[in-house]
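Heads up, the next two complexes both have subunit A, just with different partners, subunit B and then subunit C.
After this line comes the complex of A and B, so read on.
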């Protein structure tokens, strides 16, 4: 019993150390975090600038393009935070540091949890950047503090999901270049959703794909506080989507890690 | 002239050899090339399905379908994927020591960079051909015909040199694949801040000014006119000239970074 408790404590410490190492790495090499902050902010600028005329079309859902695009930009940033965490793991794999981590006694699980935790913390940075930037440019939050909280929950957990998906691919390909594939999957998943326009604007296959894409539920969870009041009927599908994706991707990543380092 | 000719020929042969090596590396990891094709196709499919209503907005250029409109933007986007990989591959060479071995060999310095870019340019041309064929199969039309298609393919190759030169410069300065890879989203955003996916006539304020003065817009707009209006020599020259000029600047920058690195080591 006590050995089980001490093992759990040790696992927690290892996971926390890996998570902290990631955060320290950002401090040591700020160039790595610059795109994580700049990119979603610039995406918000790009989408609001390029597609501002969409609000002129009836049925768009809001007359303020920032209220529509800012949560989308924040989620994009979170996804890249997740991929960035995978990038650090890829670096460790290629440089041999991962082999040293494997010398850690006990389960491999904390290695996974540490990276995942790092991705969740890393996601707070672009979310905050996008939120304040968009607020300064005219975004409003009719849903109040709960609306903002919904945004943070959605972004942190989506970073976790994409970190886990990225790890599945990394453990298979074992190269930094697998991140390119990851970026495509991430952008793809976000694009085939209600990211830029509501479902009523879509035709044919896209309308069906967006309807069944779990990212649509996550987007609606994150965006609801910026379009009106927060409602449980919009919240729970988003939470279920996040939990399901984490569960599936987590299982596959754990399997991949065990295959890589039995 | 005579004295320099053998050196130039040797540099040419070395560039070709290194281009071949770069191509072999790319094809060995063909799965890494795929995103550069799949992603622009997917975006074109998504945008065609979600922006149909925008064709009726006052100020949108007269165009048969959104697919015709987005063809040039999709090709530029496809090229940008390969362009950064020229930089990450160079960074990998630096990280794993192959670059040092090249430096110790009698290979001229410039072909080391040009070889990688050459490989990326060949792949960019291949991607452009595949994309054009797929777009045509789904009903797009290039009004300028085969001549227009050839200009698009050449522009794609030149554009990869322009972006790749920049990525290589960063690879030499940082020596990190991760840092070079991290610039990809910024290139993606630069494409968004142009006329690649939406007409600048429907943009507003400073963003419109930025998009109108973005070199990507200067490259995309003449290609688009070739696609939706028909052949124009001025448009063809502009489409080729803009990326050519930029690539001269960025490749020179990469060569200077290399020389600086060699001097300091």
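After this line comes the complex of A and C, so read on.
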């Protein structure tokens, strides 16, 4: 019993240390996080600038373009935060540091959890940047603190999902090239969703794809507090989507890690 | 008592801490390690010598649980490297070929991380880290990012990291590759100290003859994934017998020279433009050899007579010289 408890404590410490290492790397070289911040901010600026009158059309649920676009921008930042965490793991694999981690006694699971935790913390940075940037430009938060919390939950967990998907690919390909494939998946998943326009404005295959794309549910979870009050009926589909994607991608990533390092 | 008998008694007394039986690893059609048998005793410095691509690193990766064997069994510290991998990792320290160090972290940060990975309590980790940094001469550089370290400093830090949990068995995979002579000598000193003062068993892979000769009490020579010779450096060299006579000649006279030299000893591998034999009778016969060659019109451009070396052992076992030898990538 006590051996099991001390093993659990060790696993927790290892996961936390790996997560902290990632954050220290950002502190040591801030340029590592710059694209993850700049990209969503640029998305918010360019989209709100070009389509500033879009939300005057009935159906958006808000007349403020920042309220519509900021959560989408934050989610995009989160996705790239997840991919960035995979990039660090790819560095470790290519440069041999991963071997040092694999020589840790005990289960391999904390190695996965540490990277995943890092992606979640990493996502807080672009989310905060987009949030305050948009707030400064005129965004409002009708959903209050719960609305903001929903945004942070959505972005952190979406970063975890994309980190896990990235790790599945990385453990298979074992090179930085896996990140290119990840970008295709990320852009595809974000574009085929209700990121830019509401579902009711869509037509044909795009409408069907967006309906069944779990990112749509996550977007609705993150966006609800900026369109009005937070409602459980909008919250749970987003949480279920995040949990399901994490479960499936997590299972595959764990299998991939065990195959890579038995 | 004869030294061989003493060595045998010592070996029986000592516990074997690294054992491999028929250890084999393939990558598709490539056989990287081809059924090797090994036994390393507690407190020994064991040298695993071979050219690039011979299978040294693959063998080490299997023994350190980083790679699963295709066939065969291995035990490290008494634990099976496959079924008890986690236990193996508790008793070993590993410094791999390309000093696996994150350039964005400082020496202190890396030691702290390594201590957490091995479950060492914070205060002990701090004390042990400082002690190790001092021992490898990196105390002053410990707060600098590793990216600013020289190759020698990185290797020393790697060694310190591998020792944080006071392992009983230390695996060093080509620890001095790419180092300048001063850094190389400093690392050798530290390995010797670890072995003599702390009784750490050292499993060292190297492609450098001098390194194996200097450090290892016993050596296994690996080539194309197979162990071709094993023994103490002295015994291996003694098994060669006659010293090696190497003569530089005009390549046009190669056949003539070889025919003359065959009367003085057994042909040994040599690089282009050179002939070599194991000279029966040693130095006393050199003048006779030169005269015999001159009689046949073969001009001697340069000659060397060396006591048997590990390179001669390698050459005798494989038909190639170790220096410059390379087998397909592992």
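Operating definition for what follows: the second predicted complex is superposed on the first by the 257 of 262 C-alpha atoms of A that agree within 3 Å, B and C clash if a C-alpha of one lies under 4 Å from a C-alpha of the other, contacts with A are read in each partner's own complex, and residues count from 1 in each chain.
Convention: contacts are C-beta pairs under 8 Å (C-beta built on N, C-alpha and C of every residue); 3 or more make two chains touch, one makes a residue touch a chain.
Quick caveat: nothing in here was measured; it's all calculated off a predicted structure.
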First (subunit B), second (subunit C), both or neither touched by A:56 | first
Have a look at where A:177 lands relative to subunit B and subunit C in the superposition and call it first, second, both or neither.
-> first
Could you say whether A:203 touches subunit B, subunit C, both of them, or neither, answering first, second, both or neither?
-> first
Regarding the shared-chain residue A:35, is it in contact with subunit B (first), subunit C (second), both, or neither?
-> first
Between subunit B (first) and subunit C (second), which, if any, makes contact with A:17: first, second, both or neither?
-> second
Tell me which partner A:94 touches in the superposition: subunit B (first), subunit C (second), both or neither.
-> first
Please work out whether A:188 is in contact with subunit B alone, subunit C alone, both, or neither, and reply first, second, both or neither.
-> first
Which partner reaches more residues of subunit A, subunit B or subunit C?
-> B
Which subunit A residues are contacted by subunit C in one complex and by subunit B in the other?
-> 29
Residues of subunit B that touch subunit A when the two form their complex | 29, 31-32, 34-35, 38-39, 42-43, 45-46, 49-54, 57, 59, 81, 85, 88, 92, 95, 174, 177-179, 181-186, 189, 192-193, 197-198, 202-204, 207-208, 210-211
In their shared complex, at which residues does subunit A touch subunit C?
-> 6, 10, 13-14, 17, 21, 24-25, 28-29, 92, 95-107, 261-262
Given the complex, residues on subunit C that touch subunit A span 64-66, 68, 82, 85-87, 89-90, 92, 94, 96-102, 104-105, 109, 112-114, 116-119, 145, 161
Please give the residue numbers of subunit A that touch subunit B in the complex, ascending.
-> 29, 31-32, 34-35, 38-39, 42-43, 45-54, 56-57, 80, 84, 87-88, 90-91, 94, 173, 175-177, 179-181, 183-184, 187-188, 191-192, 196-197, 201-207
